[in-house]
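Shown below is the structure under consideration.
To keep things simple, chains are lettered A, B, C and D as they appear, and every chain counts its residues starting from 1.
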Amino acid sequence: MGQRIDVEHLDVFYGKFMAVENVSMTINPNQVTAFIGPSGCGKSTFLRTINRMHEMTDKATVKGSILLEGRNLYSSEIDPVQVRREVGMVFQRPNPFPTMSIRQNVLAGIKLNNKSLTKAQADEIVETSLKGANLFNEVKDRLDSAAIGMSGGQQQRLCIARAIAMKPSVLLMDEPCSALDPISTLAVEDLIYELSSNYTIVIVTHNMQQASRVSQRTAFFNISDVGKPGRLIEMDQTTKIFSNPSNQQTENYISGKFG
Amino acid sequence: MSKISSFRVNLLSKNGLKSKVLFKNIKNNRLSKFIKPSSRVISRQRRQFDNFMKVLIFLSFIIVSIPLVSIIYIVVANGLTQITPYFLTHTMKGVMGGFSPFGGILHALVGTILITLGAMVISIPIGILTAIYLVEYAKGNKLSSIVNTLVDIMSGVPSIVAGLFAYSLFALFFGPTAVFGISGSLALSVLMIPTIIRSTQEMLNLVPNQLREASYGLGVSKFRTIIKVVLPTAFSGIVTGVLLSIARVIGETAPLLLTAGSIDSLNLNLFSGRMMSLPVYIYNEYSQGLAVCTNNIFGADCLSDIRMQRAWSAALVLFIFIIILNLVGTTIKKRILKKRGK
Amino acid sequence: MSKIGIFNWHRLFKTDKFYLLVCASSLFVLIILFAITVFLLFSAMPALESSQTGLLGISWYKSSEANNILDFCLPLVFSTILSSLLALVIALPVSIGVALFITFYAPPKLAAIASWVIDILASIPSIVYGLWGIFVLCPFLNVFTGNLISSPPRVLFTLSIVLAVMIIPIITSIIRDIYTGTPHLDIEAAYGLGATKWEMIRLSVLPYGAQGAMSAAMLGLGRALGETMAVLIILSPGRSYSFNIFGVSSHQTIAGNIAAQFPEANSLGVSLLTVTGLVLFIITFLVNWAAKKIAKSGVANV
Amino acid sequence: MKNSVFTSLCFLCLVLVLSGCSVDNDVSQFKLNPNQSNIDLGLRGQMAGSGATSQKNSIDAWKLGYNAYYPNISVAYDPKGSGGGRKDIISGASIFAASDKLLSDEEIKLSKSVCGSNGVIQIPTYISKIEIIFNLDNIKSLSLDNKTITAIFSGKITNWSDSLIKLQNPQINLPNKLITVVRRSDDSGTNDTLTSFFSKTDESLWQWGETSSWPSSIASLSQGAQGTAGVVIVSSLGDGTISYADSAQVGTLGVVAMDNPIMQISYMLACSHYNDIIAGQFVKSWLGYIISKSGQELSHNVSNSMVLNDSQTNQAKKDIDSITIGKENV
């Protein structure tokens, strides 16, 4: 089941430079929350702090706290690796493991943490995850062929299947469809909509139509000037944000005056 | 206008020849009057100089091929005579002067393989782990820049100095006569470590970052990501790097001359007794000169320059050994680089 | 994330034992270089501390008529640097020529053959170069230099040719990779001005690759300084500061001298040879360090 | 593809090592122990020796001859040069050593610590003829007296068409060509023998006396080469070269006919006392075989060396018998 995320006064730093300043928000469970805003406004950076991915690759540091159902993800005794098992993530470009087959890819999360699985358990997880990602019928007869042989859309859905195989409570998606053609994008968007019933989903996107189609709540980030930190301007029901936002900056962005 | 723009598009093609062809057919149609007149007048003199440089550059390729052809010719021509199954499966123990049986290089072949394996056991773990540190953990921090500089400097350590180092190290503990295989392995590993680090680094950098993020995203620790995802993806590249560094080191003579010494019989123990290796065998046979065949009371056939023939044959075997390692290494490497679309 | 000194101590003592192993192995690289210096110094001590009369006990030191260790080492250093520089003077232009040939002039098939030639040349053991030098190159040169130089011409000139052939592959492969990286805009700009192929190369390719070529040359120099077997087999050894590269028995490199005297040397002799080995190590250390500095500064301003 | 290369390599080694039960060369055809008198004292093990390269060829032959009598002893010899041999016998690394030069007094003093109170015994085992060799187109022999040879090697005569040489070889048309002296650049006993021969012939021409490495003042006029083989190879490569080498190594080069041959004696060194019984018994039987008639004959057949005369043999026998073995009388 999805879980609630509460963010309190979160600042993100790359060394001394503050990339994101004082973000506080609540992300409701079993809902799709979209982050929109011009490029460079820190929405992806902020997304990556939710599952502490920023520590691994971007060498960023964080102040403030993020609570998952009341548990602070940044308290010292929480192991960041545990956080990433709870909070799954799907990336901009589909990244199945090239050396593994489709089946191995789905089970990768579990196998890499060398949990032992019987053949039956493994098949059951592969089937439910692939079905969950609407991919099972398309690949059920070539489960042992190489994953990189599939189309872009299929690969992205495989990544989603791989993520939900870990049974996370939250799914983060960093512009999942920007590298896909329109048909695959539609397929992924429908999948997101279905998944929202039992996962908390947070999606970062440039595509405002996608945000309005898929998400229930939307947060608009903006950057006041070059070199200044990104800030959360306004967060509300998606319908309200796209019809009459209360903040002028959101209004300008929605009507395409800049950004 | 479209004519000129297509001219510009063709120019982007990397191979210079195509653009020249296009340049010619523009000249003789109505657009040629737009080309600056001055460039056409002095072109004959500049074109001559251009052709002169072209000849010079083709010449440099010829200059480089001449020594190669002559080396391959002399090694193969002189080396083929003694390469027989007996030569490859027998040692030199019991060989007397120039009389047959003429002995073989088995003890040198096995010695080279054992010493190189010893060097691999020392240098592969250190090389790969250091490369992992430089690529995965320490991109850009102070220690990595120090280590990077030292690896470059270590790749410049002369083989004779590596030999002296290994000899003095073992002489300190086991006395001045400390000559055995493992000391040769240590000397060779000093030469191998830098090349393994560099090639592994190059291959690890080829692994796209998305793979690491994908694995982290699945809640996999950094250690397991490296062991289970990054290394398997870069595995064939790392094997190539190891093969090429073996090829570079297996032909070294100077360090083994000081550290592993020479012996006529088969020695399988790296830790005791001298151990013959192919390059030292070649130098040994070369430096023993002619054999006496004048008073041949034994009735066995006798060759006075048999030693030099054995030296050439051993050189040919070593050469083939290295060529195989090189070919296997470079073909895999080319396939990897092509797959990465480099 | 506290960071004390050059280590990330916080992560070190956290559960990440693999980080510990990986740091240890990279420290090992430091340790090996440190150990080389320490052990060479340690084994060179007896010779450094012994008196001149003590050293005279070594027969090849006595016959060198050197009046102290420095006087013994300097001619060796002089010949080592002279032979390597001469080899570089021969090798660099040919390497640049071949690199240009592979990247710009040769049709793809011929370029592949040229690269193959370079790879094979790089993998020939130095003992085979030595044998080729004495059995093929010397008689060949002897035909031209019959009575001008002592025959067979086992002089510094012949040695430098062999050293040049040995370091051409190293220099060529580095320069070839740099030239393939020349930005297309530069090439296009040169052609745009109506330049011939050579002018394009002079205008855009050579300046772009200048820094890299310098660093490749230094690496080639480092490799030539350390060459042993070719010197031992080809060169007729001698001691002098003569620049006459055709003079016989007037040069001997450090590496060649070590290999020649090591089997015969008693413990003080080995120690004296280690002193010269240490000098060679320091020279190659500086040359490679300079090569790294040039390469790094090159990358910085490109 | 790549692991197939690895597996084939390992498979090759395995097969070779297993199949090569007799990896060594079968030498029974040489019938070195004709009357099969096997006086094997139950000696077994590996005995390490080292030293002069000049004796290596004969030592290889002696090993086979010795093994015909004592099949279970394997003798390992490291031809690292006389200096190396002397160093090893003093430090105890070798049980026996070969050297072209006798130990200096200082070396004998040093050897007492390992070899017992009366140090090291030194017996002549390999007497070779040093030939003066030269390389001139289609001239195979020249006759030169000792004085002319000394003059050539000390750089006083520099051209083959010199009057002194012409005088002694009227019927040969000597070319007008520079003489290139080729000498041993490494530290060798042959240099000692030759330089003492020159200084005995004419003190004024060769004023540098007996030295093991060439005097540097005339070194730059000549070429140096590493070891006997190096000297022979260099001489045969150049034209107009003159050099000196063990008669075994002359090959196709021209030889100078001399009034009296230059003899070089090479010695075998052994401790005067061995604590290890097996080592002591081995050394006594090994040296005994080498100076025996069959040992010297074998060396002559293989390396053209001169057989020891009776006085040398008797003196050597006395020295060998003087070797004491065992712990009691140290």
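In this section, contacts are C-beta pairs under 8 Å (C-beta built on N, C-alpha and C of every residue); 3 or more make two chains touch, one makes a residue touch a chain.
Small disclaimer: the values here were computed from a predicted structure and weren't measured.
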{"item": "Touching chain A and also chain C, the following chains", "value": "B"}
{"item": "Most distant chain from chain B, judged by the mean position of its C-alpha atoms", "value": "A"}
{"item": "Intercentroid distance (Cα basis), chain C paired with chain B, Å", "value": "16"}
{"item": "Approximate Å spacing (C-alpha centroids) for the pair chain C, chain D", "value": "36"}
{"item": "Mean-CA-position distance for chain B and chain A (Å)", "value": "47"}
{"item": "Intercentroid distance (Cα basis), chain D paired with chain A, Å", "value": "82"}
{"item": "Residue numbers of chain C (touch at least two other chains)", "value": "135, 233, 267"}
{"item": "Numbers and ranges of chain B residues touching at least 2 other chains", "value": "176, 221-222, 286"}
{"item": "Where chain A touches two or more other chains, by residue", "value": "none"}
{"item": "Residue numbers on chain B that touch chain C, as the complex places them", "value": "11-12, 14, 16, 19, 35-36, 39, 43, 46-47, 49-50, 53-54, 56-61, 63-65, 67-68, 70-72, 74-75, 125-126, 129-130, 132-134, 136-138, 141-144, 146-147, 149-162, 164-165, 167-169, 171-172, 176, 190, 193, 197, 221-223, 226-227, 247-248, 250-254, 257-258, 279, 282-283, 286, 311-312, 315, 318-319, 322-323, 325-326, 330"}
{"item": "Interfacial residue positions of chain C with respect to chain D in the complex", "value": "57, 59-60, 62-65, 134-135, 138-139, 142, 146-147, 150-152, 154, 232-233, 236-240, 247-250, 260-261, 263-267, 269"}
{"item": "Residue numbers on chain D that touch chain C, as the complex places them", "value": "80-84, 86-87, 106, 177-178, 180, 185-187, 211-216, 219-226, 233-234, 237-241"}
{"item": "Residues on chain C engaged by chain B in the complex (per definition of touch)", "value": "6-8, 16-19, 21-26, 28-30, 32-33, 35-36, 39-40, 42-43, 93-94, 96-98, 100-101, 104-106, 110, 114, 117-129, 131-132, 135-136, 165, 168, 172, 184, 188, 191-192, 194, 196-201, 219, 222-223, 225-229, 233, 255, 258-259, 262, 267, 270, 273-274, 277, 280-281, 284-285, 287-289, 291-292"}
{"item": "Of chain B, residues touching chain D in the complex", "value": "88-97, 99, 101, 103, 106-107, 109-110, 113, 175-177, 236, 239-240, 243, 261-266, 268, 273-274, 286-292, 294-300, 304-305, 324, 328, 332"}
